[in-house]
Amino acid sequence: MLNTIDQIFIKAKQIILDILSPFLPEWMMILISIFIVIVTLCVFGPVVMMYLTLLERKFIGRMQNRYGPNRCGIFGLLQPLSDGIKMFTKEDIVPQKADPFAHFLGPITVIIPSLLVFSVIPFGRNMIPSDLSIGILFFFAVASTSTLWIFTAAWGSRNKFSLLGGMRAVAQMVSYEIPMLLSIVPALLVVGSFSTVAIVNAQEGLQWFVFTPWGLVGFILFFLTGVAEVNRCPFDLPEGESEIIAGFHTEYSGMKFALFYMAEYMNAFSVSALVTTVYLGGWQGPILPSWLWFFAKTFVLISIMMWFRGTFPRMRVDQLMGFAWRGLLPLAFINLLAAALWVHLSFPLNDILSFCILTVSVLMIYVANRKVAPKKRIYKYAYE
Amino acid sequence: MHIPIDHILVFTSILFLIGLYGALSRRNAVGILISIEIMLNAVNVNFIAFSRSFASSPESGQIFVMFAIVLAAATAAVGLAIVLNIYRNQKTIYTDEIHLLKW
Amino acid sequence: MTLFQFLATTAFYAAMLGILIAAALCVTVRNLFHSAVFLAFTLIGIAMLYFFLQAEFIAAMQILLYVGAIMTLIVFAVMLTSRMGNPAVPQSFKNKKIVFLPLGLVGFILISAILKTPWETSEPQTAVNAVTLGKALMNQYVFPFEVVSLVLLVALIGAIVIARSE
Amino acid sequence: MVTQAILIPLLPLISFTMIIFFGKKLGTKSALIAIAASVGSCLLSASVVLPVILNHGTALHASLTWLMINGKPIEFGILVDPLSSVMLFVVTFVGSLIVIYSVGYMHNDPRFSRFFAYLSLFLFSMLGLVLSSTLVQMYFFWELVGLCSYFLIGFWFEKYEAAQAGRKAFITNRIGDVGFFLGIALFFYTTGTIRFIDITPEFMHPYANTAVLTFATILLFCGAIGKSAQVPLHVWLPDAMEGPTPVSALIHAATMVVAGVFMVARLWPVLETFPNASQTIAVVGTTTAFLGAFFAITQFDIKKVLAYSTISQLGFMITALGVGGMGAGTFHLMTHAFFKALLFLGAGSIIHGTGTQDMREMGGLRKAMPNTFWPLCIATIAIAGVPPLSGFWSKDEILTSAYLGNHRVIFWILMITAMMTSFYMFRLLFLTFAGKTRGHIHAHESPAVMTLPLAVLAIGSVLIGLPGSPFMGHWFQHFLEPHAAVHMDTFVMIMSVASATIGFIIAFICYFVKTDLPQHLAGQFWMFYDASRNKLWFDEIYNSTFIHAFKWISRISFRFDSNVIDRTVNEIGRKTVLTSRIKRWIDQYIVDGLVNFVGFSAQVSSGLLRMIQTGFVQNYLLFMVVGLLVMLLVAVK
């Protein structure tokens, strides 16, 4: 029973294929099976995005002692629909001086990577769109291109604020990309392969990597850099509303803005999905169907992100950079060291040793980065 | 999927020539660097195309591509730094206006 | 030849054609930023080629390094020298037609040579996955690996020193 | 013995060098050195000559080779044989007397010491000549003697005539010497030897009638002609009287002039083998004798008369050697040296006393200068050939050898000259001492240092004749030629005495009894008188012919030289200038041009190459592509 529920989606696909098989030639059937998967992803992506926006607004609302959107439909459930309609109906303004090609290209190229990434995430047992041997690496490759497209959007709109937003986005994403990659490496070290399915299988039966010392640090690292990659909350300098209006997508309106919005949330979802697959055991769960576990864990992580958004103030640029280069990067390297040790040593010793190394390193990094209180500023002309 | 290798080679040579054309005809220094990147990629494709049919150690071709990419990155970095410096000093990066190397 | 292979080969040739077009555009387009973008497309196209040639790791590397890192560099360069980019100024030499002559000749000779030589088309061996690459990198090519890292380090430091404004 | 022989010439040389270097300081004392040197060499020669006389005629010979000409040695050496011993005795004895005499004669001369230096140099060269063992050595001293005669003749060089006379003497001698040298060379070439000891009759016999050797002997005899003032080249002797009188006495009476006779005597074996050569010599000798006497008759200058008498006496000696009387000639040489030296010294003291040389102003000096008169009187009697004195014996010898050798013509000519000799000698005697002093001169007797040598010489000229006379059995001739037949001929003796007395009588009549007779005779025989008075115009002839021709030749050569040679030299100079200018042009335009061209071409080519350095990066890229293309093309082909 459980297994059927677990494999419900795969069976559904199979049913559809069986229905169509007598009518269509054999090669067509392959196309159709691929097509089905693509369609489900394309539908699942935006739907998740819409309801995430709703969830976020409700959640932050609750945090700020107010209800979130509850006018459209029961408890505001139709709010995303109304947003969508609003987005479609809004006039799509293209600035006169803007570079039409780049401006038009912006939103398209941003959405593609966030969609592509879904092909690598294992939603459930045997529910992975395409099991690439370089799964994780594919994810990072595609993610890293997003910096370029964001900059294209920023540059295309020929606007100072968008340019500033673009520059900040590029700087941030480039500097957080390295710790992100390094935080994944321990997991790969242990698993020995890039494919996400292998990683999830390696975390069989509550052997989640997060319970290992390096796993915990890796999880935290990956999660923080993930948030930064997605330009969410504490690291949302690129579209820091208060300073530079909407950052790189100020000049966009209507559907293009909707695409950016969707890309952002989809990225958020994919990052948290990836964190769960690598460190929280993906769809590994005792009794519930695999995909249910997967969505629960992802949902927890996304709620944490939203929690960040509700609580953390925006970081200054130098703090942002400093945190990445002086904090996360050294920790990632040491984590890599600890993981290597953990892999080579036998059970009791490796945990203890790596745990000590990591705690000591965290303390050291904290001490090293503690800035001496800034000298009291001397104002030559202004009065105290 | 078997693709005859000479097709790939023809493709890469054309790609290389396009890059070369870009390098020769463009006035903007950055444009030249871009064209050079294209040329380098053409070469990398060649590497990969040949690496498959290289019996003894198939992965060597790919390793060389990796090194090539890294070095391309290095050259791009230095090249652009130089271009920026020229821009800052000469206020122009049009190669026909830069003739410091003239005797 | 199964449908799948047919699809793959057509996709391969389509990719090649796409790359050529993107490269041609990148080289000829007047606006430098557009040429940078087209360069990105060619790079991604080439990554796809690598996928077709069963070199996924290299493809991922290509995208990660080229599009992620080098493109950023180039785009920044384009941005910093943006004043140069205005379309009014001719972006290429007047007598660029002359360049066609040597290039054409070289191309003709190269291609004729390529087509003439009998390439022994041996079947591809086992796909090369990341693991074999890692082993080779760490065993046989460890010295070049270290040297390349050094070169990269030196180059980057050099670039920083050069580009640093006094 | 050999060292003493070598010392003989060296002593005068030493005195010469000392006087030359310390002359100014020594002042009058330099004469002492000269006298010491000459007396020393006289004693040494005596010591050398005595052994030669005692072991009757064995020669002393020592020589060292000077240089080798294709294997045959040319030597310098010492040869003391009877002939050279006679000469040694004569030269040293008479020389020292003359040196003593000249102390008085030259005592107030500013260049007093230099005179004695020249005298000692002359003695050295004369003794060297006498002692020489080879022809070349003889020739060497022959030249030296000529040089000394030039110095001494031209002693008072500030006088124009003296300088001219010195030069004339030297040049005429040189002309003779050329012949002499050619003769030596020819002789050496044909016979292969020039050593006197080799030249013996047996040695010469094989070359009996070779024409070359006769010619060689005649050439040798030319040297003698030049030196002993024979006819063609006698002109220098009268002019040589410009020198101081002791010089004339020494050089032109006793020593130098007889060098020629000595040389011919040395080569006596050669003459024996070539009769026609000796014939010519005899002829030359007789003509010289006759002409000498003929010129002496009408001279008024006392020294000129003596000069011409010397010439004629030399003529006698040469003819003696020519007709085969080597002993007679040498004997006459010795006797003549004594009384001719005496005559010259006497004349010197007369000139010293009266201050003039012209006999027309003299006269009646007998009372004024008795010490000079008596020795001079003896000398005149001796030279005239009066029997008891030396002159008669030696002259008679010559005449008998001429008579016996049946040279009839020569004999009678000599007879006439003998008569003329006695005439002009007594004429001289009467003009100077007899009658009353015509000129307004006040003669005073010369000092003892001058009159003493006169007395010695007088005694000498009386006694010197005896060794050759029959009283001593012709010892002298036998000494010279051990195996020569010497015999007197009464007829010749009578004739010679007769000629002497006839000469005396004529002179006595003309100058003692009727003093106007000479003018009368001169008027009648004006032609002979003029000829004699003007010395047959030899000088004028020479001047107008040789000298004139010579001047003309020199003028032409001068003109030739200045026009042709100078012009060619200038032309060459100009041409070189021209060529150098052309060369400069070539250098400037072609060579420099080339170098510049190289530089220019380098510049041009570099200019072209420079084009490539356009500085545009794309161009370089294009060049690379073209390079690639080329490589491909090459590769494909």
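We just call them A, B, C and D in the order they show up, numbering each chain from 1.
In this text, a contact is a pair of C-beta atoms (placed from the backbone, for glycine too) under 8 Å apart; a residue touches a chain by one contact, two chains touch by 3 or more.
By chain, with names taken from UniProt: A = NADH-quinone oxidoreductase subunit H; B = NADH-quinone oxidoreductase subunit K; D = NADH-quinone oxidoreductase subunit L.
It should be emphasised that the depicted structure is a prediction, and the values quoted were computed from it without experimental measurement.
Undergrad: Can you list every chain in contact with both chain B and chain D?
TA: C
Undergrad: If I average the C-alpha coordinates per chain and also across every protein chain shown, which chain's average lies closest to the global one?
TA: Most central by this criterion: B.
Undergrad: Need the CA-centroid distance for the pair chain A / chain D, whole Å please.
TA: The separation of the two C-alpha centroids amounts to 148 Å.
Undergrad: Mind checking the centre-to-centre distance between chain C and chain D? Centres are C-alpha means, answer in whole Å.
TA: 125
Undergrad: So what's the Cα centroid distance for chain A and chain C, whole Å?
TA: 28
Undergrad: Could you grab the centroid distance between chain A and chain B? Build each centroid from C-alpha atoms only and quote it in angstrom.
TA: For chain A versus chain B, the centre distance works out to 33 Å.
Undergrad: Can you list the chain D residues in contact with two or more other chains?
TA: Within chain D, residues 618, 622, 625 contact more than one other chain.
Undergrad: Identify all positions of chain C at which a residue touches two or more other chains, and write them in rising order.
TA: Touching at least two other chains: 57, 61, 69, 76, 93, 99, 103, 106, 110.
Undergrad: By residue number and range, which residues of chain B touch two or more other chains?
TA: Within chain B, the residues that touch at least two other chains are 20, 24-25, 29, 96.
Undergrad: What is the shape of the graph in which nodes denote protein chains and edges denote touching chain pairs (line, ring, star, complete, other)?
TA: other
Undergrad: For the complex, give me every residue of chain D touching chain C.
TA: Going by the criterion above, the answer is residues 618, 622, 625-626, 628-629, 632-633, 636.
Undergrad: Where on chain C is chain A touching in the complex?
TA: Chain C reaches chain A through residues 2-4, 31, 33-34, 37, 40, 44, 47, 56-57, 59-61, 63-64, 67-69, 71-72, 75-76, 79, 129-131.
Undergrad: What residues of chain B sit close enough to touch chain D in their complex?
TA: Counting only chain B, the residues touching chain D are 20, 23-25, 29, 32, 95-96, 98-103.
Undergrad: Note which residues of chain B are touching chain C in the complex, please.
TA: 1-11, 13-15, 17-22, 24-31, 33-35, 37-38, 41, 44-45, 48-49, 51-53, 55, 57-60, 62-63, 65-67, 69-78, 80-85, 87-88, 92-94, 96
Undergrad: In the complex, go through chain A and note every residue touching chain C.
TA: Residues 26-27, 30, 99, 101-102, 105, 132-134, 137-138, 140-142, 144-145, 147-148, 151-152, 155, 163, 170, 174, 177, 192-194 of chain A touch chain C in their complex.
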